[in-house]
Amino acid sequence: MIEFKDVGLVYPNGTVGLKNINATIKDGEFVVIVGLSGAGKSTFIRSINRLVTPTSGVLSIDNENILGYKGSDLRKLRTKIGMIFQNYNLVKRTNVLKNVLAGRLGHTGTLRSILNLYQKEDISLAYESLQRVNIGEKIYNRADELSGGQQQRVSIARVLTQQPKYILADEPVASLDPPTSHQVMTYLKKINKEDKITTIVNLHFIDMAMEYADRIIGMRAGEIVFDGPASEVTEKTFEEIYGRSIREDDLRGGANKS
Amino acid sequence: GGSDDSDGEDNASGESNDNAKEEKGETPDKLVMGFVPSQDSDTIADTVKPLADRLGEELGIDVEGKVMTNYNALVEAMGSNQVQIGFIPAFGYVLANEQYDVNVILKSVRHGSGTYKAQYVVRADSDIESLADLEGKVWTYADKGSTSGYLFPAYQMMQEFDYASGTELESDFFGNTIAAGAHDNAAISVYEGDADVATTFDDVRTELEEEYPDVMDKLKVIEYTDEIPNDTISVTKELDEELVTKIKEAFLSFNEDEEMIKIMDEVYNWDAIDEASDEEYEIVKETYQKFKDDIEL
Amino acid sequence: MTKQSRQEMTEKTPSIYPVKTKLQITIIFFIVIGFYLFSMFWTQREMVGGFGNALGNMYVVIEKFFPPNLEVIPKVWGEMAQTIQMAIIATTLAAILTVPLALLSAQNITTFKPLYLITRTFLNILRTIPDLVLAVIFVGLFGVGLLPGILALFIFSLGILAKLISETIESVDMNPLEAMRASGGNVFQVIYFGLVPQVLPQFTSFVLYVFEINIRASVVLGLVGAGGIGLVLDQQLGFYNYPNAMAIIILIFIVVIVIEFISNKLREALI
Amino acid sequence: MASYSLPPKQPKSTFKIVRRIVIFLAIVALYVWTFLGIDIDWGRAFERMVNNFSRVIPKLFQPDWSATSEVAAKIWETILIAFAGSLMAAVLAIPLGFLAAQNMTRSKILTAIGKWILSAVRAFPDIILAILFVVAVGPNAFAGVLAIAIGSTGMLGKLYSEVIESIDMQVIEAMEANGANKIQILFYGVIPQIVPEFLSYAIYRFEVDIRASSILGIVGAGGIGTMIIFASSNRNWNEMGLILLAIIIVVTVIDFLSARIRRKIV
Amino acid sequence: MIEFKDVGLVYPNGTVGLKNINATIKDGEFVVIVGLSGAGKSTFIRSINRLVTPTSGVLSIDNENILGYKGSDLRKLRTKIGMIFQNYNLVKRTNVLKNVLAGRLGHTGTLRSILNLYQKEDISLAYESLQRVNIGEKIYNRADELSGGQQQRVSIARVLTQQPKYILADEPVASLDPPTSHQVMTYLKKINKEDKITTIVNLHFIDMAMEYADRIIGMRAGEIVFDGPASEVTEKTFEEIYGRSIREDDLRGGANKS
């Protein structure tokens, strides 16, 4: 369970990233966060595995406040949270299998991992994960030989190999075309259901959000402006999230918005 | 005392290592002979192997010959007793003697003499007849570390025209000076008209004859310096007296050996090897001392 | 994939690298290491002394360089200046001539293969000639003086620069160039507007890098009578004035640092 | 369109304008200083080149084949020494490269120290390195190996640190996000990204070391550089031609081989 | 008028890019081309300004076969065809005004352009174009300081400055979020109507295509599978274009498709 209590975050340069965030995400949920560029979606997600650190409030995971975590506590926390990035963040020149095994790093001793002495179980787990996202035959290809959709699937396999309790995905489909986007979202959803992994995804597209989410959180300027099941989303919600003047703006050209 | 180098490898012949700090008079079972070819000669040999091999045979000790292109390196190597026998030009010997008490035992004999001279070369058609005519002219020499190219002629002119230092000579007596890097380059500079006088060993022109067939006619020698002692064969102070004597005898025995005479002549242009003592190099020392402070900047 | 075959594949867990690549890399690795061991053995075979006193001996020599006699720095400033001037001229010439050569030897710009291959080969050969040989040949041609030194530096820098810059050009984003082409620009316009802004910062830092190399190469210039700081350094060493030599080294070090500083500032201004 | 609607003039801060003028003037001054300081008689230089051309250039193209075996032996020695030296440098430069890279050593002071060490090493002339190592291990090939190793470390370390500074840090973040520790990140995230460039630079340096082996002459290790010095002292252009040919062949072969190896590994 | 007559294109490596293309695009039309990745949309568009050269058939523009064009003919052709790219293709380190002026290159002498001696008219035209896409105040910003949508607007301004007869746009909105995408499409439509510039746009999204297009061309495997007004598009058309199995594929994950 992830609990935000009055969480706020101000970046060192003074930009407000999060403001008064209150939300509880229960185990096994599939939550999609939507909002305009700069709304604070990434900041929200990255607070959870402490890639950024909120400056006020309490953020607890499994009933422990994680905001004070350091060193090995932090690494242990991160080991149970998998993350998927917009640009896949694979090591381009390394092969797919090794990229996926990187997901096990948190569970493997330093020496063992440096010497490439993975346990058979780990390698077998990695291979299974790759097969789950249907890319088992590419294990020895280098990551940069794959298409965008394939790379994103590898990064999902990496997270699966990590066997996390939570998965965070920061705009996992922003660089992909629509059919491939659907593929990737389908995989995420499948994993969420099959493995009961709590999944939090950032998306730009509210339509796609509605198709996959159990619950949608809408953000705007660092605040939560909507929080509820996908079925409750209305035209009005849309306006709340994207700002009431969006269509007009569109037509006028809204020079400074994008 | 030094610790092991990073590689930590030990050399097979490690025991033979006798170094600067040990007692005098050791007899190593391998000798290293360093050779810095003298720029002040018409052929510049690039090997020391024939001499090293023969010396090894005579002494019954392994002798390794090494050609080095810089005499600072040789002097330092003799200082740390990495090299025991050095073939060093006169000037290098003076340094080695001053810094590390290296001793001269022998010298080479060229053209029947244990000494050589430096010469003043000008264009044959110029009206320079004597050193006095050089005033205000452009002077070129190999480099300031060259005994025949710079030290001796500069000393000679300083005495003749009464200058206290080489710097004064260069700036007050001459119009301009050029360090040409090598004796042949200095002579060519005069030949081509870039400079008026070159000071070189005697006789650099023979070396240029092939490329510049008319060099003998175009360039003339107006003056020579005093005699400069030839290249030395020196040993480090750590060497055992007895061994030194044996080395000396071995080298001298080459003078009787037809085959060695031939090698010495062909490879090094030497006629023979002769005994030498430190006193003979007094004149070079004096010259060196004169310039050491001057070059000091 | 049938369920059964999947099961099979899962059971025989794959190795981290495909066996073939692993084998090849292992072989290459062992060849390199083997050759290294051989060359280490070979180079050490005639060592007499071992390492027993290596550091002690070095210390004796290093000690002679200290304390550096900083008083000489003002006196050698003229020579340092001359070295810098030669390096400036050589670097400038190389920087100018590099432009056409680098363009001709960049595969993405010169699509006419023979021309590209000819330039490439020419540059490769140019780069293989040691600076010492260049200096000697130019002295043979021009006699002693500044010119052969400058030319040797120039040719040497040209080889390095053209290689570095052509590699930079090959890695630029070709999209803007395509956009320029699509709007009807000719070859020169496409290069000037699409390529130049992209490679300019790299170009500057490479030119300054080569400038630094040229300053340090001045020791070679001393050998051929081109003067400069290298000659003075040689002289001081020759007369056993080690503290003076150390001061000169410090001066060179300072010049190198200053160039690096300027290089960084210029790059910041350009990027 | 009779009147043009021109855009407003670019707002430039006076600081920028002043800076630009200062840089411009400084460069002009630098060149004026340079050209006033260097005086070359171009007419005479040209005349001399015409005169000397036939003395030198044709002979370079008539290599003195009789020296073939000697040149071959020397170049083999050179390859061995340069190889041992550059490989040692390639390894020594790694820690220094990391120390000097801003994105790895997150301390400004350590980075500065790293960069200073590298600059200092680069400022040391070959001849002094050679003297130090002759004293340390005697006049032999191994002294040459050490001198080359140290001499190359300065440049390789600088190039390495630049490569490290340009890696994709997002990948590192991804590994941080799944709980990897610093050393694991180094081996999984950093090294795969830098290996190809490190390799290219090391091989490039190997070529440079073969060409610049005059340092070997100083330490009495022979090598092709010594032959160059003697060929030039004896004005033996034919031999120089052969040496040049040998170097061109060897460097080209190394280039070819290394390109193949690199393709395998990268 | 652009006329494709039996146009075919085979890439040097043997891939068939276009097959038997027949189509006529009349002056002033706003045509949107849709199709899956690899369908040949880009190949189609790039044939028109000869960034690729069809290997068979006749492609005529304003009643001249352009397939044989070379050198200055080709440059003249390209001068009257503006092109907008997915990745904007701006020179990142150059300022906006200079980027836009690049649109005039075809009309400017080499020397003049290299010396930055643009005619007053050209500068004024560039500035006006920037104002038309509402980005006039950014003229001196460097291109890489702008957001994606702003960069795409700059690239539209560049094309406007070229004063072309035709505009080609190859997935102009694929890197943008939905609100910004609509903005950009709106600008393109506006220009098409105001200046009567024939416009051909590639899109992935058929819904967006239907919103803006006068006419839609659907492509699949290098062939045209649909050609008609947006109003005629049905569920069946959709299936024809994207292939009947798309949804299934999606769910299965279709390892090699993306």
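Annotations
In order of appearance the chains are A, B, C, D and E, and numbering begins at 1 in each one.
In this section, contacts are C-beta pairs under 8 Å (C-beta built on N, C-alpha and C of every residue); 3 or more make two chains touch, one makes a residue touch a chain.
To keep track of the chains, here are their UniProt names: A, E = Phosphonate transport system ATP-binding protein; C, D = Phosphonate transport system permease protein.
What you are looking at is a predicted structure, and each value in this text was computed from that prediction instead of being measured.
Shared contact partners of chain B and chain C, listed by label, are D. Common neighbours of chain C and chain E, by the contact definition above: A, D. Pairwise, the chains sharing the most contacting C-beta pairs are C-D. As a whole-number value, the distance joining the C-alpha centres of chain A and chain D reads 45 Å.
Averaged C-alpha coordinates give centres for chain A and chain B that are 77 Å from one another.
The distance from the centre of chain B to the centre of chain E, each centre being the mean of the chain's C-alpha atoms, comes to 79 Å. Distance between chain C and chain D, defined via averaged C-alpha coordinates, is recorded as 3 Å.
Residue positions 98 of chain A each touch two or more of the other chains.
Listed for chain B are residues 5, 32, 72, 76, 79-80, 82, 182, 192, 194, each touching two or more other chains.
Residues of chain D in contact with two or more other chains: 48, 55, 127, 131, 135-138, 140, 214, 229, 235. In summary, the structure contains touching chain pairs A-C, A-D, A-E, B-C, B-D, C-D, C-E, D-E.
If you check the complex, the residues on chain B that touch chain C are 1-5, 7-11, 13-14, 16-17, 19-21, 28, 30, 32, 64, 71-72, 76, 79-80, 82, 95, 98-99, 140, 143-145, 178-182, 185-186, 188-189, 192, 194, 288, 291-292, 295-297.
Contact residues on chain C toward chain E in their complex (touch as defined above): 173, 175-176, 178-186, 188-190, 192-194, 197-198, 200-201, 271.
In the complex of the two chains, the chain A residues touching chain E come out as 36-37, 133-135, 137, 147-150, 153, 176-180, 182-183, 186-187, 204-205, 242, 246, 249-255, 257-258.
Contact residues on chain C toward chain D in their complex (touch as defined above): 21, 24-25, 28, 32, 35-36, 38-40, 42-44, 46-49, 51, 54-55, 57-58, 60-62, 81-82, 84-86, 88-89, 92, 124-125, 127-133, 136-137, 140-143, 145-147, 150, 212, 216, 219-220, 230, 233-234, 237, 245, 249-250, 252-253, 256-257, 260, 269. Those residues of chain E lying in contact with chain C across their complex are 49, 51, 75-79, 81-83, 85, 87, 89-94, 98, 102-103, 105-108, 110, 113-114, 155, 158-159, 162.
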